[in-house]
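Here you go, one structure.
For clarity, chains are labelled A, B and C in written order, and residue numbers in each chain start from 1.
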Amino acid sequence: MSRQSVSNINEPRVPFLRIARRHATPRRQAWLIRTVGLLAALFTGSLLILALGHNPIAVYLDMVDSAFGSRIGFNETVRIAVPLLGSALAVGLAFKMKFWNIGTEGHILIGGIAATYFALFHYDTLPVPVLLTVMGLAGAAAGGLWGLIPAFFRAKWNTNETLFTLMLNYVAFGFILFLQAGPWRRAGTDFPIIPMFEQAARLPRLFGIHIGWLLILSLTVLVYLYLNRSKQGYQLTVVGQSENTARYAGMNVGRIIMRTMLFSGAIAGFVGFIQVSGANFTLDETTAGGVGFTGITVAWLAHLNPLIMVLVAMFIAMLERGATRIQTTFMIPDAIASLLIGIILFFMLACEFFIHYRLVIRNRKGGH
Amino acid sequence: MDTFINFFNAAVLAGTPLLFGTLGELLTEKSGNLNLGVEGMMFMGAISGLAAVFLLELGFGFEMSGGLAVLIAILFAFLAGALGALIFSILVVSFRTQQNVTGLILTIFGIGFGNFFGEFLGRFAPGHAVTISGLAREGFSGLHIPVLSDIPVLGPLLFQYNILVYLAIGIAIVMAIFLNRTRFGLNLRAVGESPATADAASINVTRYKYLATCIGGGICGIGGMYVSMITTGGAWVHNSIQGLGWISVALVIFATWSPSRALLGALVFGALSIMRFYLPLGIPMQIYDTFPYIATILVLIVTSIRQSKEHSPPGLLGVNYFREER
Amino acid sequence: MNQQTSTFPAIQTQNLIKTFDKVVANDNVSFDVRRGEILALLGENGSGKTTLMNMLSGIYFPDSGSIEVDGKEVSIRSPKDAFGLGIGMVHQHFKLVDVFTAAENIVLGLPGKLFLDRKASTREIREISERYGFQLDPDKKIYNMSVSEKQTVEIVKVLYRGADILILDEPTAVLTPQETEQLFTTLRNMKADGKAIVIITHKLNEVLSVSDRVHILRKGKSIATVNTPETNQQELTEMMVGRAISLKIHRPLVEVKEDRLQISGLNCLSPEGVQALQNINFTLQSGEILGIAGIAGSGQKELCEALAGLYPVSSGSILYHPEGADTTDIVGKAPKEIRDMGITMAFVPEDRLGMGLVANMDMTDNVMLRHYDKGRGPFADRKRSRGLAEGLIDQLEIVTPGVSTPVRRLSGGNVQKVLLGREIDSAPRVLIVAYPVRGLDINSSYTIYDLLNEQKKRGVAVLFVGEDLDVLLELADRILVLCGGQVSGIVDAANATKEEVGLLMTQVPEEVDIS
């Protein structure tokens, strides 16, 4: 028995690998980890490209070139990034409050519907600046109200907002299909298509891209200030951290939840307006095209910081733009964009773990 | 009567992929993981099950028998779905990432996976689309069970479906028994309700989360394969899953986390999705199509107002568990 | 039980050391417990009791030292290992699955056949219950159970797993006196059955009534083991606190007092519909500290929150008398409305990081919680908060890397200083503090007492909810005793005895006499 006791003492007593929270990771180290993560993701993607029989470096370079190599390419990249950034801003507001809103896709559609109403039926009754303003406001208002619905139920009965907002996306989607097929269908066609907007209802251009980029950039600054400097931004952050504390501090939690979702929905609805009026000149079932979902990942990867969202949105836009190019140059199906985005995002998510935690390997020599 | 039988048959056929997705997600959620990547995993299962049969037939230049095709399709669809769920589990359980975000990325990834390989492999097919042979396809057609299928009314109503329908129903029954009657089912529910309690009772929380999530993902994958093999008739169609995964997520709520109610829910949702062909009501069909979602929202609201302990989501659904932070 | 009464103790620890970061939680702890006895592990908050027990139950692993079970050195790496050795722990915070039945919770995680045999487990649970005198319905769901029923489930769970060494962490903290007595009876039954029982507590009367021996810990060190019949409260206190009693908390006298808050006929229902507060009547005066005593869960939390406008009041009134102005009733008003009426009421809640502060925010943002909405315009004034936070660090000697460090990283005492400092800074007329020194070391505690006395001298009306009667008797001017949501008495602290207050804590006198 005594022999066993002796061996017991020498036996390792701490698990071989354990996870410890880091208190503060220096910024440089955090960026280093992210860079390594990105490289690992690109490497994984390159295995896929290799398997297809192409040179990964050539493919990657071609993607970058298509996105930033020419004026046209750059403009196209920005056009893709605008709605992504917009929905990331909308998502960011809600997520900061730990309100897991995945209904941005639907808010964009509803905003687009409201804006389209004025574009189709009031384009000749209002002066252009007024028309565009009304369209923008209508989009924001409709998106905001749509966002208010799940917020109301969450505030009142704590109804699960993730699934609620998700379901509302499909209701919005069905509504667009209905408008396309019926009331708003273009005259003289059997196809479910809504007419193209008249010139008056289209957003003007600035530096070759529709002015939506400027609107969204201004919104980015506004949201940044709102979140980090304003009283309301402070309130929603406290609510997100601890509803109990918010109540203790005299905040009306229900009202803050509803107000924040009103704004989140409004931003997304405004994006819907930009899409129909600036990018597509019409409304259809691809008006949102998944940016509401991709926007969530943009917001999350940017740590809900609006200024970083600009960079992340441009990066994702570059991948999508690049995928279109390699479809023609390398004959690689453009669905590879989602695949690559998925891989990169998986890796970037995993990076955050290594920024916040460190793996402690047991010191073999140390004993105790 | 015939109309009713037709309607019922159509509802069952439309409801079965939903049932797979729902059961898979239900098992996943019982472990406390909210995997919003069902749509993605269904895409992965859809292409993998189809492509496995397609590539084997192409590679060996033969027509596979129906029975073998079914087995291979189930196996590969399951593995693909489980692979997606494994990525999710690694990130969420081991790397502690936010569950909603991770699930969404899995959806993006899975859709890309399905459409990319669907399109890419199609290039090798004679007809430029991934398809399986007629012989293999027979394995997925309606069964003729001796005696049972020939009973008047009941036969066509219940005993003439394809084999995957019965597989789905079988999984539902096994899952109900597993969760309510077995030791492991009890342990799994404890992991989802209160991981700290399960941990203290020396249940390996991590292992249960991984296993439930991966098996659940595999079941979702079979649901995707149902679409590519039966709904689209054994040929790859771009974007064929079309939101079925998301409805499945909704159905888990509708079924209030019970496999037996999932059976009923899938039938109801299947019926809702084809009802416009049988019961016009004068409502535009696009609006009709939103009914399942509105029904789910109503279920969400009602359960939250009633605050019923029994019909609630697992206690810590969507929340990651870290032992040292308890 | 004969085979178990070997010469070796059930558990013997030798020189256990456990360090967290730089804090030594256990420093050379050596104690033993024998079969057929109840050992009380006595120590103040933070003396290392829970750390020690967590090492025995496999949650923590000691840095050094040895644990022997029945004379054999063992290595306990997980709760599973502990169970394997027959060691069962009943935690202070129950680990139960709410939607499961008692029986399901009890068999959870056990090895066995694939299918559960509910009948057999129910039968076994009934047997255990009868043997030791537990009242337990195996098919009742946990969410339908009272706190003491839940505790019973925890104990039966441990016994069901065959534990013969039981460790109970502060088991009486949540129980009524009757329930406590019931628990002690079952503990004595288990002892007679040859089990070794360790009960962790800081309540002296319980130690004396239930234990056979007492092991005292102080600041992580083993102080002594004494036989219960050979000791008394005075001696135990001295060993626990480390100096001849007399805490000597200063109690300054304030001459001019006026009524500040007048509570009459206050009734509150909990969200579950239980009467949480029943017909509460008292007056809180300026320049006094009114202590609130009572067993945990007697309505202290509800009373504080009701006064602060955070708990729904079903009937009654809370009148606020400002200096030289009209009286107003603040019942039913939200905290913000109360503040908008110009009433400055500060509240230091029991749950500091979950209610009073935001754990993940830094000091600046936490200090801002009280006045973020001051000033015009949509933007919040962080500069002012920053200045304030820096001021608090200087004044209260808060130890922190800086105002930008999340408060969750501060030590318990410093967290409390941030919270109390912020509340005092709002220049309150009424100050409500709940368990302000819980988990704090002696030095920090005295700092807090001084701060409170300072407020009292300024004419602030202070309501102090405490758990340590000695502190209440020395610090407070009057003590209001709560029992089961009712006021069982209000006594003058300078003349009252501990026994008097203790008696009021456990029963409401027949003829309630509120003077």
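We take it that contacts are C-beta pairs under 8 Å (C-beta built on N, C-alpha and C of every residue); 3 or more make two chains touch, one makes a residue touch a chain.
Every value quoted in this text rests on a predicted model; they were computed, and no experiment measured them.
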Handout entry: Closest chain to global C-alpha mean, per-chain Cα centroids
Key = A
Handout entry: Chain whose average C-alpha position is farthest from chain B's own
Key = C
Completion exercise
Taking each chain's mean CA coordinate, chain B and chain C are separated, in whole Å, by 48
Exercise for the section: Could you give the separation in Å between the centres of chain A and chain C, each centre being the mean of its C-alpha atoms? Expected result: 45
Exercise for the section: With chain centres taken as the means of their Cα atoms, state the distance from chain A to chain B in Å. Expected result: 27
Fill in the blank from the handout: Listed in rising order, chain C residues that touch 2 or more other chains are none
Completion exercise
So, in the complex, the side of chain C touching chain B is made of residues 78-80, 83, 91, 95-100, 104-105, 107-110, 112-116, 141, 143
Fill in the blank from the handout: Listed in rising order, the residues of chain B that touch chain A in the complex are 34, 36, 87, 90-91, 95-98, 100-102, 104-116, 118-120, 243, 246, 249-250, 253, 284-287, 289-290, 293-294, 296-297, 300-301, 304-305, 313, 318, 322, 324-325
Practice task
Flag every residue of chain C that touches chain A in the complex, lowest number first.
Solution key: 61, 63-64, 66, 72-75, 77, 308-310, 334-336, 339, 347, 349, 351, 354-361, 365, 368-370, 372-373, 378-380, 382, 409
Practice task
Quick one: which bits of chain A touch chain B in the complex? Just the residue numbers, please.
Solution key: 19, 21, 52, 100, 102, 153, 157-160, 162-164, 166-168, 170-171, 173-175, 177-178, 181-182, 290, 293-294, 296-297, 300, 332-333, 335-343, 345-346, 349-350, 352-353, 357
Problem - chain A residues touching chain C - in the complex, by the definition given at the top - result: 1, 5, 8-9, 11, 13-14, 23, 225, 229-235, 237-238, 241-242, 244-245, 247-252, 368
